[in-house]
Amino acid sequence: MTTELYAKGLAIFEKIAGATTPEVIEKFNQIHPDLAKTVVEFPYGDILSRPGLDLKTRQIVTVASLVALGNALSQLKAHVQGALNVGWTEAEIKEVILQMAVYAGFPAMLNAMFAAQEVFEQHKK
Amino acid sequence: MTTELYAKGLAIFEKIAGATTPEVIEKFNQIHPDLAKTVVEFPYGDILSRPGLDLKTRQIVTVASLVALGNALSQLKAHVQGALNVGWTEAEIKEVILQMAVYAGFPAMLNAMFAAQEVFEQHKK
Amino acid sequence: MTTELYAKGLAIFEKIAGATTPEVIEKFNQIHPDLAKTVVEFPYGDILSRPGLDLKTRQIVTVASLVALGNALSQLKAHVQGALNVGWTEAEIKEVILQMAVYAGFPAMLNAMFAAQEVFEQHKK
Amino acid sequence: MTTELYAKGLAIFEKIAGATTPEVIEKFNQIHPDLAKTVVEFPYGDILSRPGLDLKTRQIVTVASLVALGNALSQLKAHVQGALNVGWTEAEIKEVILQMAVYAGFPAMLNAMFAAQEVFEQHKK
Amino acid sequence: MTTELYAKGLAIFEKIAGATTPEVIEKFNQIHPDLAKTVVEFPYGDILSRPGLDLKTRQIVTVASLVALGNALSQLKAHVQGALNVGWTEAEIKEVILQMAVYAGFPAMLNAMFAAQEVFEQHKK
Amino acid sequence: MTTELYAKGLAIFEKIAGATTPEVIEKFNQIHPDLAKTVVEFPYGDILSRPGLDLKTRQIVTVASLVALGNALSQLKAHVQGALNVGWTEAEIKEVILQMAVYAGFPAMLNAMFAAQEVFEQHKK
């Protein structure tokens, strides 16, 4: 059942999700037999593993888009941790979130800042 | 009427808007006496000019957020041109837009890709 | 105070909300004297009771739209239960939610999948 | 370069896009070498071709989600045509759009109704 | 077919839509036999005609919400004209739109400002 | 570090946030050294303090926009309290929220109504 695409995607997924990978995959499996496959294969195997843009840049644009969407705080927290995992600093991530006030408005920026802060505090422990 | 903040913001604005700066500012002035001031001072003077993140990174997260918002194609086109102006390539910008299919869905990605393509074609002339 | 439109709407509302109907109506009444009337009359009395489309189809498009909106998880949970009440299976509802990854993006799909799972687990007890 | 997944996806894509398939694929190819692949493989090859829900139901929930998103009128028009192609009637599609006033608001419903009307008028010729 | 609710709604609708009322109603009728009824009865007959808030205040909050939604420029233009019709000035409406930069972001504000400007220019002729 | 703009903004901020001002500012300071500055200076110092529209009107359009955005319930609650602080009644605020069902849909209206109700109940104590 593990396709080549899944394996390729999982390798990228692990760089971003880090140590939480097994529990996230397990959480997907408990809900739907194909959810892990769907999340790993297309986003990570097909898109994030594409050449032409480094993973670090890909991760910060993901963070920016999740702030702008405004209704994806759970995913934002996971990807803020992912941004730390691929080399962005807390200060840089906060700059990106702050900048989003311009494009997505202050409420989206503030909700994102508070959500991200939970990740940074967890990270410091 | 030109504040220090406006001058600081305009310097950044010009790096992104390039040769179109005077006509954009003029367009704002025709609509509202304080619109140019409002657009230049806070977004560019206060936020984009902050240290802690280089302008090139700031510009690509702006592009990503505009794709994710989905209803800002006019601004997206201006900022795709801005991304070219600060050193991103057409191929890299298209990677960012393509990646947004994952987070914002295929319709938002496709609308952004078609809008950006207009900019790239204009740019080649 | 009970209009003909309210009675007509309530009959549809009960098919979707099932046994939870009295508590939902009561919850509306505690907040605003016209809230139950507003929610029952137009959406259910005027729109969902229209001929031309069966209630089962109407309910699944409601579920899809709530996934796409992305900021209506409480309503999504109520309407996932409603979808079960009018004859959709858990597996079919999950197919609809999974499909929304294409149009609304993965974060909206995942948040909806987790919210729906709470309903399915409650339903099994 | 044509994968099994692409072939599987294209078969579904053709049921929905009908006679417009070659021009849509060509339009994608003109913009990005991998755009057709990305649009056909995951949405159509992976998701819409899944068993567990018939294509007719899948198409109407797509229409509903595009109305709810509110910023995908071009895709909505393509998928309203797709809904006609897989067996929905104009009257049924209009019921779905009208119903969206409840969940996504009247502006989203009205914009969708006007966009869909263009498709129905084209279709009658 | 003209209900009491429709008549009540139409009286409010005319205060907002002014001289354009017959053509707007006609446009609705050309698309769907119940569209005018649906738009006039619930929004205008049920909601905007409620006591407890004057029509002038109701109209400016409508304008603000349409700016915030960001994908309803056609409705925004109609309601900017409506705001003029019920006594708001061009300068006041522009203040509301400008303020929306804070909550909905600069792109939503700018798109709204340009759309509203078309109305103001038309109005001056 | 306290600029003239900050002082001007804080005076408006205090009219809206009332007694909660010090704790809100403190919460911002704990997350980012410039967050209070950013929130107070542009939204309050630059925009809400502009002449041409009274603060009471400005506050109700803010409430409407937050209902329409649909993903800013925390900010909505703060600004519902702010609306009470500048002279709107509970009944008037509920009228505005109810009206938003028309433009933003019933889920956005209902989520806002429940969030606002928490503020009104707190206020009565």
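Every chain is named by a letter (A, B, C, D, E and F) in the order it is written, and numbering of its residues begins at 1.
In this text, a contact is a pair of C-beta atoms (placed from the backbone, for glycine too) under 8 Å apart; a residue touches a chain by one contact, two chains touch by 3 or more.
All values reported here derive from a predicted model rather than from experimental measurement.
Listed by label, the chains touching chain D and chain F alike are A, B, C, E. Relative to the C-alpha centre of chain B, the farthest chain centre belongs to C. The chain with its C-alpha centre at the largest distance from the centre of chain D is F.
Distance from the chain E centre to the chain F centre is 24 Å, each centre being the mean of its Cα atoms.
For the pair chain B and chain F, the distance between C-alpha centroids works out to 28 Å.
Averaged C-alpha coordinates put the centre of chain B at 30 Å from the centre of chain D. Residues of chain B in contact with at least two other chains: 34, 38, 42-43, 47, 50, 66, 69-72, 75, 98, 101-108.
By the touch criterion stated above, chain C contacts chain A in their complex at residues 70-71, 94, 98, 101, 105-108, 110-111, 113-114, 117. Residues 101-108 of chain F are the ones touching chain D in the complex. Against chain D, the residues of chain C that register as touching in their complex are 42-43, 47-48, 50, 52-53, 57-58, 60-69, 72, 75, 91-92, 95-96, 98-104. Chain D makes touch with chain A in their complex at residues 34, 38, 41-42, 46-47, 50. Contacts from chain C toward chain F in the complex involve residues 31-32, 34-35, 38-39, 43, 66, 69-72, 74-75.
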